[in-house]
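Heads up, the next two complexes both have chain A, just with different partners, chain B and then chain C.
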Partner chain A sequence: MSRATSSLPRSAAAHAILILYTIIALFPVLVVVMNSFKARNAIFRAPLMPPTTTTFDTVGYTTVMAQGDFLLYFGNSLTVTVVSLFLVLLFGAMAAFALSEYRFRGNTLTGLYLALGIMIPIRLGTVAILQLMVASGLVNTLTALILVYTAQGLPLAIFILSEFMRTVSDDLKNAGRIDGLSEYRIFFRLVLPLVRPAMATVAVFTMIPIWNDLWFPLILAPSESTKTVTLGAQIFLGQFVTNWNAVLAALSLAILPVLVLYFIFSRQLIRGITSGAVK
Partner chain B sequence: MGSLSLQQIRKSFGATDVLKGIDLEVGDGEFCVFVGPSGCGKSTLLRIIAGLEDTSSGAVMIDGTRVENTAPAQRGIAMVFQSYALYPHLNVRDNMALGLKQAKTPSAVIDSQIAKASAMLSLEPYLKRRPAELSGGQRQRVAIGRAVVRDPKLFLFDEPLSNLDAALRVNTRLEIARLHRELSATMIYVTHDQVEAMTLADRIVVMNGGVIEQVGAPMELYNAPANLFVAGFIGSPKMNFIDGARLGESAKTIGVRPEHIAVNGTEGTWRGTVVHAEHLGADTNLYLDTEKAGLITVRLFGEYAAAPGEELFATPDPARVYRFGEDGKRVG
Partner chain C sequence: MTQAPAPARRPFRWHIPVLLAPAVLVYSAIMILPLFGTLQLSLFRNVEGVRTFVGLANFQTLFGDARWSASFWNALWNNTWFFIIHMVVQNPIGVALAALLSSPRLRFAAFYRTAIFIPTILSFVIVGFVWKLILSPLWGVAPNLLDLVGLKSLFTPWLGKEEYALTTLGLISVWQFVGIPMMLIYAALLSIPDEVIEAAELDGVTGWSQFWKIKLPLILPSIGIISILTFVGNFNAFDLIYSAQGALAGPNYSTDILGTFLYRTFFGFQLQSGDPYMGSTIASMMFVIILAGVCVYLFAVQTRLRRYQF
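And then the complex of A and B:
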């Protein structure tokens, strides 16, 4: 075997660092999942031990399921995340296409203005957003959350996608124009498939903060029918007593849908490299 | 049918003038090549003809109709790009059919057009393949096929051979020449390669810095260049330019093509030493450092044994010496 491009110590070191990082990153998740399957006593007595036959208990999950509304919370979270994600990707890609493809007065300024949102956290505007939602009667609706999350996700999406759109061959778009395709078809049929890896990246970056957010659901949509999973899990966190079994179980369950979405996009990430016909 | 007329085309990007008033008439069935160094505006001019770029001022007429406000798809043109620009998600057949489908052509006509074009370019075995499954040369043939099926008034080629390797370039060049003969269509071809220009063109348009330097048949440009730029651009190796004063001539610059200089070991006009020799088999290029004319290039046909350091005499053919005035225009 030839070893011109790799050396054992170097790849061993690289792997050691990566494995260490994986352990650090996965450790809290593992503790949560592990303890969600344990009885209350065992959680406190030996929090780092995996569940054994004596300590194994699914009381957390039964509590969560018995709560009844949890399926609704999941549905809410999923609706908000998927719809926001769709809107962010659609509008983000369209804005990025316009910024990278067309020369117009104020192009750079518009780009900068849209990128400003990356630097200024949207939570600074919470009071104004709440007033806006009250005035427009959108408080305690999923629409309010979707609108806020779409606004929150757009800056980064536009920033990343416009960089990628610049790399799509001009010749290809021009060939489409000569063949009589509309600008919309050029965008949807020619450009979007070629920036699919970037879309997947943006999707992952956008999706996770939305799914995990507690702030806006708490302020804009705390009603029973519009609660999201993260907010729903709060009912088990009392001021004096906390039902840890239920909290941990709820959090463990909350990981699942986002994990599924992540796998969908990461497959796209790998498969999306299909720019073969254009050098 | 398929004439093109450009009148006073100007194009500026911000403060930069890319085209500074281009006038050109291309007749029906003509093969016209725009050639020039990079940044001379030839590609911009082609994109203006295609309608992919707006003019700042001036008129573009295809078949006597002004088309500045016509969309590219309605101009009756087809374009072949340097990077092929095939649709990656469509197979070869659909790549060729897309433009016709957009134009609402009956499917029977589409089928016959594709059959004709793929026979002409021997693309039949590949019709079901995706562009990613084709080699570079095949992709460029598909791109040409996509242009042919549209049966356009004007074919536009934007450096179509630049991405191909040397052997394929020659083959595809022959293919394009054959296509021109068979279709007798009007073709506009942009290239920076003077060999492509000389071999393909009925007429060459030499551009530099946003203006047309000279328009003419290939041999006309070679034998009667209008100015220093054309003289230096057409011909390889490049024409030797010698300061007129050094040779006691009244003209500002004297030009002699390397192939119009004879060498001799014993006597001649300019005495010099060989600095470097390139042996190509069919020809030999010698770089001579001469006392009177400075560093000159000499192209000899066939093999010629000469080594660096050797002393030789060079004699220009007096009938093929060009003289250029102060303004760079040829005076004799």
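And then the complex of A and C:
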């Protein structure tokens, strides 16, 4: 095939740059996780050394386990993220299909209206959202968070998905129509499977801000039973700021589940991206 | 939108509203109505416990009152600098990484891609704290590292110095988010059909000139989208500064951006009590700024970008 595109020195240089950047990206995380397994003295004396048998200590983890209810927080975060993500993808794809497929009066206007939310951060409406949740009795429930995150994720999802849906061939859909498929079936059976790569991309960009959000859990659901991991970690870190063992252990515990989730998810994402390109 | 004359009255296409309804309803109720509620609140003020309509008086205070306007312009300038750092550091690095990653038959590409994206998935709370620990003079990770390359004398507590703190935070944010432009550009580069690349190679356009002359023009729309997403994200930023420097955005407000300024005004801090009306006023200004940026993008940038359909 194309020999011109690769040569040994060039690919060595590419690897060197990528390795360097990978180290930059991973180093801070590694340092924190490594030191969370060390005794207090060793943390300060040799922060760059991995734990050895003499310096190994899990006192930080025992402190964290004795204090916060991280398992509950993790469950809350997971519920909120998964449910919101599902709703964003479903509602977003439905609306994107309607906007990209049909010509009807008010199409452009609806599209613009829905796109407003890409540029306007939902946070600017926080007071009124809080009033709304108080009025409907949803304060300190996960439902409040799910509603807010669904609204927050929809605009970008609709925008990206409708761009992709315009690329789905008309012939295919018309063939479906001639075969007597209803518009709903065309959407669920023909179009949705074809835009799966785009859905994976949208899912990542929707999921990250939801999982990491601090603002809305703090305002809408700060009670003990509805705390998310991010909020729980923030409060814990604030309280234990001088206990380095506990802080490092808490940070490692907060990083770990996200990493696991990411590794499960990234394979899907990458398969999505590449299959979209091969098509 | 007059199409070909409709043969007979078409039956009402119920599926269109059905498909649109869930998204439009949730979005309107949770996002748009509260947003306008907040804009409306900026026209009111608490006068002896009663909500009173005061027109634009809150905006007059924000720009006329020396104390308020100093805070506002400080936050706005800091925010602009924060954005500039992202545009000149984050996006070029993201494009470069994506270009390297998409080179054909690169081994371990999946590993690099996965590893470089990791910081992006971490929450601001984690990132803020991790970097605070690493840059802390108390712990000594950063000075030790600089010592390895013989530059220990360069170390100062960057987050604690007025002149460095904001830039440091900007770079931390870049470190965290470089994965997003990388992934978007990477996907765009992969979607360039092989025929285009092969045609370029037959014409002898390879390597760097292939990237500049063939690939870059094709991914310009993606770069445009990334730029506007960065702009909106930066002018709405809050969490990182809050996690690393607290609501006071120290030292001496040198890292104060619009998000933290809004938060302090809104919920109060130390001795000053929160003021939802002035908070709404600042939120409205942020709204105007973001809207202006987006309009510039939509009307001046996007219309000039050529899109290629394969």
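Just so it is clear, the second predicted complex is superposed on the first by the 227 of 279 C-alpha atoms of A that agree within 3 Å, B and C clash if a C-alpha of one lies under 4 Å from a C-alpha of the other, contacts with A are read in each partner's own complex, and residues count from 1 in each chain.
The working rule: a contact is a pair of C-beta atoms (placed from the backbone, for glycine too) under 8 Å apart; a residue touches a chain by one contact, two chains touch by 3 or more.
None of the values given here were measured: they were computed from a predicted structure.
Visitor: Once chain A of both complexes is superposed, is A:125 in touch with chain B (first), chain C (second), both, or neither?
Guide: Second partner only.
Visitor: Would you check which partner chain A:178 touches, where first means chain B only, second means chain C only, and both and neither mean what they say?
Guide: The first partner, chain B, only.
Visitor: Just to be sure I read the superposition right, which of the two partners does A:56 touch: chain B = first, chain C = second, or both, or neither?
Guide: Neither partner.
Visitor: Which partner does A:94 contact after superposing on A: first (chain B), second (chain C), both, neither?
Guide: After superposition on chain A, A:94 lies in contact with chain C alone.
Visitor: If we overlay the two complexes on their shared chain A, which of chain B and chain C does A:194 touch? Say first, second, both or neither.
Guide: Only chain B is touched by A:194; chain C is not.
Visitor: Compare chain B and chain C by how many residues of chain A each one touches, and report the one with more.
Guide: Looking at chain A, the partner in contact with more of its residues is C.
Visitor: Looking at the overlay, does A:254 come into contact with chain B only (first), chain C only (second), both, or neither?
Guide: second
Visitor: Where does A:86 make contact in the superposed view: on chain B (first), on chain C (second), on both, or on neither?
Guide: Touch partners of A:86: none, neither chain B nor chain C.
Visitor: Output the chain A positions appearing in both contact lists, the one against chain B and the one against chain C.
Guide: On chain A, the overlap between the chain B and chain C contacts is residues 274, 276-277.
Visitor: Name, in rising order, each residue of chain A that touches chain C in their complex.
Guide: On the chain A side, the touching residues are 2, 4-6, 10-11, 14-15, 17-19, 21-22, 24-26, 28-29, 31-32, 43-44, 47-48, 87, 90-92, 94-95, 97-99, 102-105, 110, 113-114, 116-129, 131-132, 147-148, 150-152, 154-155, 158, 182-184, 187, 201, 204-205, 208, 211-215, 229-230, 233-234, 237, 244, 247-248, 251, 254-255, 258-259, 262-263, 266, 270, 273-274, 276-277.
Visitor: Would you mind writing out the residues of chain B in touch with chain A in their complex?
Guide: Residues of chain B touching chain A: 47, 50-52, 71-74, 77-79, 81-89, 98-99, 102-103, 130-132, 139, 146, 158, 163.
Visitor: Quick check on the complex: what are the chain C residues that touch chain A?
Guide: The touching residues are 1, 3, 13, 15-16, 19-20, 22-24, 26-27, 29-35, 37-38, 41, 93, 96-97, 100-101, 103-108, 110-126, 129-131, 133-134, 139-141, 144-145, 175, 178, 180, 183, 186-187, 190-191, 197-198, 201, 206-207, 228, 232, 236, 238-239, 242-243, 259, 266, 276, 279-280, 283-284, 286-287, 290-291, 293-294.
Visitor: If we count contacts the way the header does, which residues on chain A are in touch with chain B in the complex?
Guide: On the chain A side, the touching residues are 169, 171-172, 174-181, 189-190, 193-194, 274-279.
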